[in-house]
Amino acid sequence: MRLFGDARHVAVGAQSPIPATAALLARHLSGGRLYASLLTSPAHNFFTDGGRELFDCAGQGRIDVFFLSGGQIDGEANINLVAIGDYAKPKVRFPGSFGSGYLYYVVPRVILFRTEHSRRTLVPKVDFVSAPGWSPPEVYRPGGPVALVTNRCVFAFDRMRRRFRLESVHPGHTLEEVLDNTGFEFDRPERVPETPPPSAEDRRLMREVVAPELATIYPKFTADVFGVGKAA
Amino acid sequence: MTAKVRALDDLVAAIPDGAYIAIPPEYSGCAMEATRALVRRGAKNLRLLTVPASSLQADLLIGAGCVAEIETSAVSLGELGPAPRFTAAVTGGTIRLKDATCPALHAGITAAERGAPFMAMRGLIGSDILAHRPDWRVLQNPFSETPDPVVVVPALHPEIALFHAPLADRHGNVWVGKRRELMSIAHAARRTLVTVEEIVERDLLADAATASGTIPGFYVEAVAVAPEGAWPLPLAERYPADAAHLAEYARLAGSEEGFRRYLDQYVLVARRAA
Amino acid sequence: MTAKVRALDDLVAAIPDGAYIAIPPEYSGCAMEATRALVRRGAKNLRLLTVPASSLQADLLIGAGCVAEIETSAVSLGELGPAPRFTAAVTGGTIRLKDATCPALHAGITAAERGAPFMAMRGLIGSDILAHRPDWRVLQNPFSETPDPVVVVPALHPEIALFHAPLADRHGNVWVGKRRELMSIAHAARRTLVTVEEIVERDLLADAATASGTIPGFYVEAVAVAPEGAWPLPLAERYPADAAHLAEYARLAGSEEGFRRYLDQYVLVARRAA
Amino acid sequence: MRLFGDARHVAVGAQSPIPATAALLARHLSGGRLYASLLTSPAHNFFTDGGRELFDCAGQGRIDVFFLSGGQIDGEANINLVAIGDYAKPKVRFPGSFGSGYLYYVVPRVILFRTEHSRRTLVPKVDFVSAPGWSPPEVYRPGGPVALVTNRCVFAFDRMRRRFRLESVHPGHTLEEVLDNTGFEFDRPERVPETPPPSAEDRRLMREVVAPELATIYPKFTADVFGVGKAA
């Protein structure tokens, strides 16, 4: 939630159950003040101008926070949603870049998320740049990455230094584990704090309020994580 | 004017091999019954344009060998993982692929809607998406006195827009409600073919409540009734995705042989009972 | 979030002198009650953008001395003839004028909606409209190998979109039905202020029938109730133009003195009884 | 009607009561096959994508016929909807160019109409070109003028020669009258035919069917011409 800043509108794309959980929780905590648009949810989709409206809205500066992931993410926050190996004859093919080649440039606070924190996913250099982590000064770029959240820790991204900085390590995980499993170099403070866990109330809201709302679009996720019954 | 309401097979027969076809994303209104009919027909060399992404529909057509080329921002089965036949075709090099990002495809459709030769868009500079698109251009923004590179993408003029919607009337007016991307691809395409849940006898443009979500009939070449025509994908306000069936697809389509079994069981047979 | 529903005077007070305001054409939804309140308030130095043309609304504001600049494709009273105060201001050289053609203004609004710096359009080459628009550019089409000049117009980012619509709800969602140009200017503007016939207690986005014609509340800063708020202009599905009143306007506004009488009688007095 | 060719979609802009009459008559004669879009008529407006849709439709090549007028029209079919005299300080100001700066270029069959046929309106050279009658070959221009209809006669426009040619003179008018009242030069056949008048059936349709449909948008016109009651 801290990563949202004073956002008025958080949008969540396809295939993003964890960000969707965070966005809906934030909306509930804001008393409905915060718009949380889940693109694939009829009930949490305020758009009425077709599939392009999210991108239009972002281009107008009306989307404050967006989430992106990557098959690979590197230490300069470049993300790869396309392929591993040679582009023309890839070893591994991912689904594709979706809206990343635009949203990463124009949404002020992009939060990267990747549940698999390994040297396979967090690499020295991505094989294909779906969207770069930073751009030279002549490129129009009001947006970009602010953080990378994994299953082990939270990194902040420093746009001036073009490097990640370790912010906190999740309870039950260690700095050594993060160092061992990260393929890129990053900065870190002398003492790395522990990520504060969600409060009991937040956990209750997620389980009792948010998860049922999510079940129609992420039946597998909500069943696996929250034990909410699968959709018919 | 010949009647706009046709039989599904006639509508599918109006799609020639080699056609350049725009299709919508899965949450919108995918003409899956028509897609299965295309596979049964043995359609060949289709050029797919997903506006902007696709799932089962593109995967099925690719797996069945109907597709020569696809321009897309992503093909994925969502929570069920990558689209296996798309993935296999790309790694196997058996289809031509134009990788895009969603708003670049919307921009190309907008240019076509407006009759403009191209559309400018932000983003993309410095990406490998742009590096692999020799058909796009980077211009200096003519309104900036300092360096300001801007990507321009050409208008996308699909030959056919193919989708599924809840309602049509006998004038060929098609109600899509909030699913305006269907209206956009109908504007951009030269020919628009639509399957619908039902034909209504009233005029959808006559009533202000329905008119605002209706594609006027002069964009529409033909409509055909296909009950549950988006199955197993969802149709907003009508029915959800068939999650169990999609999971079975994901499981079977993981191998070429499993995909053939899927085709035999669900596609190549006569139309399933509703 | 402060409440989105305001009193009309509060909504009008939120429009500063010098504001750059987008207004729709007369058949769409003109906030005439708010316009009269602007005149009563003595608003000054407004910059009007008509998307794409205007009639009584622009003429009234110009005649009352509220307007410093107008960008428009036309200001006219339709069948009743030229817009007399606009005509007098242009021939008298008392306002700055940017002559356009309708789709150039739509193109500038589209560019703003898309977050693009400019939009290409056909037409205009060789016209004196283009010759008098140093703020537009002509580019060689980067996708053509032969000479192919194309006009590009910059994105239009009005500070305020001001219009009248049939319905709003308490979330600030505004139903405009088929009048999508109102949605476009709301997308393009930084702030959107709307008067409506009535506020409904239901959520206009919750119902598929109304959602497709509704501007979501996150584009809307404030709404105010103004019954018959487009009078004497029409509001689609609600009421026709008041032809007799418009004829009286055309007659009176033909002279500066007659226009003052019109203001005294219909604008500067307290709001007319409905 | 002959001027419509095999059109599928005729559109009529603002302030065009006579073209609107012709378009609605043609629609009735076609049995509804021909779309006739009157922009300012709720009942004859098939558009659902806002005020831009007419222009979009025309850009897509879906509008076959459009009508334009001009405060001035010259012999090369340039039209002036803006001003007489110096643009910066005009003697006469017209409403403005409306969509002419686009539609004249992209609609295949543009029919010019001007009820006042005089040397004031049909001039050697317009003072301001809202849209030119022809364009050099490098300019994208699938459309342009095909004819000019006045209260005295019908001219056809020859795009190759960039000149009007007199096609027919209306009953009750003469060639001499046309020559006297036209400010530009034009071609003409050796014998100029008379414009065929509308049939009795067409006149009945216009009076009984079309005029009542038009009364809501052109109350003054329909009252003056067809004696149809003014709208309330």
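Order of writing sets the labels: A, B, C and D. Residues in every chain begin at 1.
Here is the rule we use: a residue touches a chain if its C-beta (ideal position, glycine included) is under 8 Å from a C-beta of that chain, and two chains touch if they have at least 3 such contacts.
Every value quoted in this text rests on a predicted model; they were computed, and no experiment measured them.
Steps from chain A to chain C, taking the shortest chain of touch contacts, total 1. The set of chains in contact with chain B as well as chain D comprises C. Computed centre separation for the pair chain A/chain D is 57 angstrom, with centres defined by C-alpha atoms.
Centre-to-centre spacing of chain A and chain B amounts to 27 Å, using the average Cα coordinate of each chain. Look at where the CA atoms of chain B average out and do the same for chain C: the two points lie 36 Å apart. Each of the following residues of chain B touches two or more other chains: 103, 110, 114-117, 121-122, 148, 150, 178, 180, 183, 211-213, 236-237.
Residue positions of chain D touching 2 or more other chains: 47-49, 52, 55, 59, 106, 140. Going by the touch rule set out above, the chain pairs that meet are A-B, A-C, B-C, B-D, C-D.
On the chain B side of its complex with chain D, the touching residues are 1, 112-117, 183, 187-188, 205, 211-219. Those residues of chain A that touch chain B in the shared complex are 14-15, 17, 39-40, 42, 47-53, 55, 59, 81-83, 87-106, 128-132, 135-136, 138-140, 216, 218-221, 230-232. Residue ranges on chain C touching chain B, taken from their complex, read 103, 107, 110-111, 114-122, 137, 139, 141-144, 148, 150, 152, 154, 176-178, 180, 208-213, 236-237. Those residues of chain A that touch chain C in the shared complex are 8-9, 33, 35, 46-49, 52, 55-56, 58-62, 106, 140.
On the side of chain B, the complex with chain A involves touching residues 24-25, 27-28, 51-53, 72-76, 78-80, 82-83, 86-87, 90-91, 93, 99-104, 106, 110, 121-130, 132, 146-150, 178-184, 236-237, 240, 243.
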